[in-house]
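Going in written order, the chains are labelled A, B, C, D, E, F and G, and every chain counts its residues from 1.
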Amino acid sequence: MNLKPLHDRVLVKRLEEEEVTKGGIIIPDTAKEKPIKGEVVAAGPGKTGDDGKNIPMTVKTGDKVLFNKYAGTEVKIDDVEHLVMREDDILAIIE
Amino acid sequence: MNLKPLHDRVLVKRLEEEEVTKGGIIIPDTAKEKPIKGEVVAAGPGKTGDDGKNIPMTVKTGDKVLFNKYAGTEVKIDDVEHLVMREDDILAIIE
Amino acid sequence: MNLKPLHDRVLVKRLEEEEVTKGGIIIPDTAKEKPIKGEVVAAGPGKTGDDGKNIPMTVKTGDKVLFNKYAGTEVKIDDVEHLVMREDDILAIIE
Amino acid sequence: MNLKPLHDRVLVKRLEEEEVTKGGIIIPDTAKEKPIKGEVVAAGPGKTGDDGKNIPMTVKTGDKVLFNKYAGTEVKIDDVEHLVMREDDILAIIE
Amino acid sequence: MNLKPLHDRVLVKRLEEEEVTKGGIIIPDTAKEKPIKGEVVAAGPGKTGDDGKNIPMTVKTGDKVLFNKYAGTEVKIDDVEHLVMREDDILAIIE
Amino acid sequence: MNLKPLHDRVLVKRLEEEEVTKGGIIIPDTAKEKPIKGEVVAAGPGKTGDDGKNIPMTVKTGDKVLFNKYAGTEVKIDDVEHLVMREDDILAIIE
Amino acid sequence: MNLKPLHDRVLVKRLEEEEVTKGGIIIPDTAKEKPIKGEVVAAGPGKTGDDGKNIPMTVKTGDKVLFNKYAGTEVKIDDVEHLVMREDDILAIIE
């Protein structure tokens, strides 16, 4: 079963905290909103501009991304936690 | 009797919870807003851009979709619960 | 006496509850905002886009429509309750 | 003495309640915002779009109009109550 | 010493209440926001649209104008009360 | 050391109250927001419109300007108080 | 490991307070929001306009910048504090 995100939405699989710190990024424990690491599982086709033209996506399936903690809507697929969010909620691609 | 949604609105038939979990998606029981599964029964022609051109819809009749719990306006048609919502309230198409 | 709605506004005659349920639509008695059935009596010429071009209306006189309960401004014409609302407050055309 | 409204503003002379009911429109006494009848005394040249082009007005001097009760700014001219409001606050032209 | 207003701003000299009522306009003493009479002393070049083009001003130096009481920022020039406001805060030109 | 403001921002050196009143402008002591006099020390290149084109600035280095009291972010450069603000927070150029 | 900021976002390494004051900029201790000095470590490709065209970035890797204290989301990379923020949160480039 597949989820095909609409417009500029992406489906992201949340990565474990351990995996996050292994990569060298340590989330500071302050009151600030903490970014979370995930992997893009599916990306929408992009928004449609007011002139009817498609605005392509920047992220693609397989990208490791950093996103805001409170971004998106939670969905469990085959018992694994995923999030559907807008591309604009993604802060950066991790290379 | 038919409902023809206006602009970028869609008419969605809510699918039962049981049917939802059968498909492999388990809605997590957290405080987060939970997406709901439905089936598109009718889709509007799409928004009209500021230049008067039509912006076509992405979803079409028959699509199984995931949408936010609080999206749309409830309507009962022949005793079955439906919702009229904007396409942008739909998170993803389920394939 | 006639009312000619401005821009993207429409004049809608409210239809009776009884008539509503006859058509097969039963408004659910939940806390959600309930749509109301009406008939378009007059429609404006449509909005003018930022480039000065007219954006035509979708609904036309005689259309049976479903709209949000709190949409529009009430006017009584010859003792019959009407509403002036923007086309975007109309959810769907009933066929 | 004349007032020349700016942009998309219109100068409207408020018509008396009696005159309103004579025309067949009876303002319902509910909690909803009630529209008021008036006569356009002067209309601005219309808004200027972002591309510098003029967007012409729909109403013109002499039009009888229906507008929201709380629309506009009150001005008395030679002891007669007038209102300066944006064209978009006008609901419909009465013919 | 001169003030050259920026963009779509205008410099307006407030006219005295007496002068206002002489002209035939009597400000009603209701709770509604009351418009004030003034004279345009200097007008900016107009806004720059998103496409880089200038959108010219409607008012010019010497125009008598009516504006909302709470519009603009007060400045005293040589002991005379002036206001710097956006052209859109001006309701009408008095002829 | 230089600060090069970004986009449509300007760096303004606050001028002393005494200098302000010498120029003939007396800030009234009412509850209204009072404009402050300053000198433009550096101006950004201007905003980039949605079509990628530059929208040039109106103010330039050396201009004496009037701006709202609460505009901008304070920075001290070599012990002199400066402000970084958007050009739109500037009310007028003083000539 | 690298972070590639999305759209118009930049990755900024916070510079120490001491380094800030050495450069001649002294942050005033008022209640106003204080700007912070940092160094751009990575910059996104720029926003995509509604017409699908790229709007290039002004800042580039290596730029010393001044930004608002509460801008961005904190990320620690190899134990050094970084921030991911939109270019528009950057006030000025320090030369």
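In the analysis below, contacts are C-beta pairs under 8 Å (C-beta built on N, C-alpha and C of every residue); 3 or more make two chains touch, one makes a residue touch a chain.
Worth saying up front: this structure is predicted, and the values here are computed from it rather than measured.
Traced through touching neighbours, the fewest hops from chain B to chain G number 2.
Under the contact definition stated at the top, no chain borders both chain C and chain G. Fitting chain F to chain G on C-alpha positions gives a rotation angle of 50 degrees, to the nearest 5. Averaging Cα coordinates per chain places chain A and chain G 22 Å apart. Distance between chain A and chain D, defined via averaged C-alpha coordinates, is recorded as 50 Å. Chain B and chain F have centres, each the mean of its CA atoms, that are 50 Å apart.
Within chain G, contacts with two or more other chains are made by residues 50-51.
Order of chains round the closed ring, starting at chain D and going on to chain E, comes out as D, E, F, G, A, B, C.
The touching residues of chain C, when paired with chain B in their complex, are 23-28, 30, 32-35, 49-51, 53-56, 58-59, 66, 68, 87-88, 90-95. Remark: chain D residues 1-7, 9, 11, 42, 44-45, 48, 50-52, 73-79, 81, 84 touch chain E in the complex.
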